[in-house]
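Here come two complexes built around chain A, the first alongside chain B, the second alongside chain C.
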Partner chain A sequence: MKIKLFSYNVIDTPIHRLSGLTKLACFLLLTFAVMFSYDIRFILFVMLFSFIILKVSKIKFSQIKLMIIYVLIFLITNAILTFLFEPEYGVSIYGTRHEVLRIFGRYNLTQEQLLYQTTKVLKYASVIPLGIIFLLTTNPSEFAASLNGVGIPYKVAYAVSLTLRYFPDIQRDYQNISQAQQARGLEMSKKAKFGSRFKNALLIIIPLIFSTLDRIESISNAMDLRGFGKLKKRTWYSKKKIETGDYVAIGLSVLIFAMSILISIFINGSRFFNPFI
Partner chain B sequence: MRQKPIIEFIDYSFQYFSQAEPTLEDINLKIYPGEKILIVGPSGSGKSTLGHCINGLIPFAYEGEIKGTLKIKDLIAKEQDIFLLSKIVGTVLQDSDGQFVGLTVGEDIAFALENDNVNIHKMHDTVRKVAEMVDMDKLLKSSPFELSGGQKQRTSLAGVMVDDVDVLLFDEPLANLDPATGKTAIEIIDDIHKRTNKTVLIIEHRLEDVLHRDVDRIIVIADGRIIADMTPDELVSSSILFENGIREPLYITALKYAGINVHKDMHPSHLDTLKMDTVIQPLTSWYKRIEKPQKQDEKPNILKVENLTFSYDGKRNILDDVTFDIYEGDMISIVGKNGAGKSTLAKVLCGFENQDLGNIYYYSENIKDKSIKERAEIIGLVMQNPNQMISKSLIYDEIALGLRLRNVPEEEIKERVEKVLEVCGLSPFIDWPISALSYGQKKRVTIASILVLEPKIIILDEPTAGQDYHHYTEIMKFLEKINKMGVTIIMITHDMHLMLEYTPRAIVLLDGKVIADTKASIVLTDTDLVSKANLKETSLYYLAEKAKIEDGTLFVQRFIDYEKGVRETNED
Partner chain C sequence: MKKYFEVSTKTIVAIGLGAAIFMLLFMFVKVPSPVPETSFQTAYGLSALFATLFGPIAGGLIAFIGHALSDAIQYGSPWWSWVIASGVAGFIFGFAYKNTKVDEGEFKGKDILRFNIIQVIGNVIAWLIVAPLLDIIIYAEPVNLVFTQGAIAALMNSISAGVIGTLLLLAYAATRTKKGSLTKK
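Our next item is the complex of A and B:
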């Protein structure tokens, strides 16, 4: 029943031990690397790498099942739409034309289009696991501490961690309110029309806002009473020190990032790998 | 002779900018270092405002006009900022969930240190030491979801103790705690007071529970003024409590019923110190005089719950083979510690969740396949926090909502809403915006919005939580009234008084199982049951024991019968 969206799980793996900032930096570096390159060989390599990391961080499939399903739906719709709107995009990129299947009109399947679209799908498939790893292995407070560490004002950083801290509470409130309103006759299923569903949603959101405001008042009082905002700086209980592991992780990510750029410049001569010439 | 006061109010008044009248007026009060003081008063009396003045939330977070002087440790309070005051006065707020800022116990305790920019090694050291003082050192890595109410409160206490404050201020520390945890909380506060000799201020309206351990003085606030400042013995022997809608200890009520003149030399503030020589004889003869009420007729079975089993995750059963019967016109309570499955039981009965095994029968009809909406016409649920139910701005619209969603014609809606408003005593407010109502009135609006659907059974989750004696009596009388009109009432509660006074029968849950289903007087005098379910024995039972009355349970039962008689006479 508990829909744990950002459930950071407390286990000890080399990935969990990394500082939140390291993980954010690695995530960004690898994402740029993958987004830059259209070399399917390189992308397959990063994908393999991210699956290995997923394994290392001991994330269970059941934890991410829901997320994976949404991602798959997105990828499939995206692939179909790309083909519908730009069936010849592959041909225009690679400059050659090897037809595989004639469908009708301008919709002909070409090897070039197939390669282009597969590459694109694999790009997502290699970046998404990295995002999941980042979310599930980073302690929100520790992450806030790292954000503050790179110069983001601590009030902003703390707001991030506070949101994550109270997210489950507000989710629970939402569920309770929604059930109580359904008992009064609110129809939340697909049976109701769109317009009335929107109106019905308001009947849940209004009490949710009011009870959340109550909550905010007591949290902010509690924080004031314990000196939040007094000094220009604050320390963090859950701050991690930068250790060897962090240097290794950053090093690896920089290496992969560099590979992406170097492959494009020196091997492919462009962002695309072209096997058709 | 004495030291200088650590807190001193001189001709002090305070008026919120949003209010037409001052909330505090002519306050003159001296509190000396090391004292332990209880501040009582009905809701809206200004006792929380007094607390806010001391900890600096006034004027820092709540603005208003201050007259007179408040000195804290010789500093003029209004010239200081909240941060400086927070180093002198540490506040433990009433809602232990709301003030849990950190993601883990350790982080929460460290919060004040973090804000002081304390070096991380020193911080971890201090946190460990303070956590040891409140017995939380083994749980530093736990998240708030894994903690019990009592553990959360220990954490909050540790969180203010890291600062080595001079004054500890507890704002309604007993709200939301089950009776046994509340008792422990009072013991922890007392321990800390004795060990550290800090000044302790407790703001609370549950007098009997706080008096479980001794306090030096009690200050009574009503309508923004201090109306009493005396020792516990003096206060409980006076009529001040009764006149100001604060509940006196139950054993005192029993003594008064027995016609005993309670005075301070009897040391009546604790049962342990109460002198019994003049008590035993009149008490025993009173108890023997009380007549047994006539036996009630057998009533048809309105709800039959059979072998109900439910689990959220398929592993741990939150409800485990729960079986009980409810009869038409019953008024019963469901009790048990937090997490015993009480709220889940209500959810399954209302169809919010579906049972894994077992059946629920309404009269003899199995209601398994009824939707949430259909069940609502049989069983209505009133949630604890009225703000979680109210979604309209006008009272009329709020109550009509359930009927409108059912497409009932508007003329019929008008008729039914007006009838319910009448029953709930809300008719004068028909065109009022809900935001103008008091908490108790809002609660009535939510009850009315359920009643209008004409359910045969109403389940109320903690109907009296956070209510002072006056509002408590008001709500309970109202519930008794609708009960007499034929609505069956089930209450989920932590309130032992409620259970004792209003519900003849109680169902006790423990780890999802029914461990008792019997008279309230039996539940509250059964030591074993009481400790298993985190309840608290009623002081009446100990009074009987002290008066050498053999059958304590019967004494309690007779007290209930007598009190019911008193209530009925008052109503006529």
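Our next item is the complex of A and C:
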């Protein structure tokens, strides 16, 4: 239950020195580049690139162990489900059929399916380090400023920063309420019957929500008193200046993004790289 | 008069704090269901409540922000197609804002029915149409798989938003002073 939100620590690396706005823009550009392309060569390149950046930003393995476990479980389930539901999906994408292994019925392993599924796993695996880098090297208080910087209305950006600010408070409230209810004999584990699990979850959620509704009232009054939302624009205390490093980073990301699109249009003719024809 | 798309300071704060609770519920308060590897997300009951109290914009953004941040924390990167679908569901729940009288302490028969119809429509559009289509467009996932997952999600989330949302709204209505509850002696 103890997940530390954005376990950001202050180290001086080239990645930490970039402004939050740059990192958000680069993160979005690179993820969209990888999401768009199904070319395994390009994806391997981005993966290598993101692991180098991960190294440069000095993120320790212990910081990201839990995430990696979750991601592995997700990737394995997704791979198995994909094969169970559509064992011939690769064949329909690439238009050819090279059988490797006969299993039974319609479940035969083909080279096309292998390529499709490997590409997919690598695709997800190469996006994850990018997200981790962005989350762990960006100061949470700079996050709202960067959102506003990429064109999201400042009111929405402010809502996100409120979420980040109040999540730890709400987590603490939740733990207090849950322990108090368990001390009174509330069963939350699988021992309880299915119907009563619903009810027991509610007995924790209701006090949490009602105390939050009160809190919303007082916070919004405080913000109104300070004149929040009167003007069209807003400045941010924690906004960083754009420097040379930022231009380099954005330039690189735009280049990779353009590569993804250009490779798809001019070299492969579609989103998929097809070595079978 | 209530307006659907009015954004006041209170809406902003409700989005911020609502998304924080959504995140928490989404990660920790899942009720394990009889079907393996799936669970009832109590978070959708919460987004239904906040959408009914604060309107479609609040509902949509609470689910979008909450889902995106909890994905980012757990997996390092949001699964955009489902995050967007969550937002769409929350947005549609918000049409219960003007159609129910929870604020006046009334949430009975007809209101409950109206809320649940809106809630089911929202879930069906989000999980049977938006999520699978985006999965296919963005991630090129197999068609069969995404529609099966979508159907399960639509069913589960409708039950969760229906049961938990209704109960939360009943509890909320009970705390409000009823309109015209004072009589002259």
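One rule holds for everything that comes next: the second predicted complex is superposed on the first by the 243 of 277 C-alpha atoms of A that agree within 3 Å, B and C clash if a C-alpha of one lies under 4 Å from a C-alpha of the other, contacts with A are read in each partner's own complex, and residues count from 1 in each chain.
The definition used in the following text is that a contact is a pair of C-beta atoms (placed from the backbone, for glycine too) under 8 Å apart; a residue touches a chain by one contact, two chains touch by 3 or more.
A quick note: this is a predicted structure, and the numbers were derived from the prediction, not measured.
Participant: Applying the touch criterion given at the start, work out whether A:I177 contacts chain B, chain C, both or neither, answering first, second, both or neither.
Facilitator: first
Participant: Give one of first, second, both or neither to describe whether A:F167 is in contact with chain B, with chain C, with both, or with none.
Facilitator: second
Participant: For A:T77 in the superposed arrangement: first (chain B), second (chain C), both or neither?
Facilitator: The second partner, chain C, only.
Participant: For A:R215, select first, second, both or neither according to whether it touches chain B, chain C, the two together, or no partner.
Facilitator: Both: A:R215 reaches chain B and chain C.
Participant: Where does A:K65 make contact in the superposed view: on chain B (first), on chain C (second), on both, or on neither?
Facilitator: neither
Participant: If we overlay the two complexes on their shared chain A, which of chain B and chain C does A:A159 touch? Say first, second, both or neither.
Facilitator: In the superposition, A:A159 contacts chain C only.
Participant: For A:T31 in the superposed arrangement: first (chain B), second (chain C), both or neither?
Facilitator: So A:T31 only meets chain C here.
Participant: Taking the superposition on A as described, I'd like to know which of chain B and chain C A:R41 touches: first, second, both or neither.
Facilitator: neither
Participant: Looking only at contacts as defined up top, I'd like to know whether chain B or chain C touches more of chain A.
Facilitator: Touching more of chain A: C.
Participant: Which partner does A:Y89 reach: the first (chain B), the second (chain C), both, or neither?
Facilitator: Only chain C is touched by A:Y89; chain B is not.
Participant: State which residues of chain A lie in both footprints, the one left by chain B and the one left by chain C.
Facilitator: Common interface on chain A, chain B vs chain C: 1, 161-162, 164-165, 169, 202, 204, 206, 210, 215, 219-220, 223-224, 228-229.
Participant: If you look only at chain B, which of its residues touch chain A in the complex?
Facilitator: 55-57, 60-61, 82-83, 86-87, 91, 93, 95, 97-99, 101-104, 106-107, 110-120, 123-124, 127, 141, 145, 159-160, 312-313, 347, 350-353, 372-373, 375-376, 380-381, 383, 385, 387-391, 401-402, 405-406, 449-450, 453
Participant: Would you pull the chain A residues touching chain C in the complex into a rising list?
Facilitator: 1, 3, 5-6, 31, 35, 38, 64, 67, 70-71, 74, 77, 81-82, 85-86, 89, 93, 120, 123, 127-132, 135, 155-156, 158-167, 169-171, 174, 190, 194, 197-198, 201-202, 204-206, 208-210, 212-213, 215-217, 219-220, 223-224, 228-229, 271
Participant: Spell out the part of chain C that touches chain A in their complex, as residue ranges.
Facilitator: Touch residues, chain C against chain A: 7-10, 12-21, 23-25, 27-29, 31-34, 37, 40, 42, 45-46, 49, 61, 65-66, 69, 72-78, 80, 138-145, 148, 163-164, 167-168, 171-172, 175.
Participant: Sort out for me which residues of chain A touch chain B in the complex.
Facilitator: So the residues of chain A touching chain B come out as 1-2, 10, 139-141, 161-162, 164-165, 168-169, 173, 176-177, 179-187, 202-204, 206-207, 210-211, 214-215, 218-231, 233-239.
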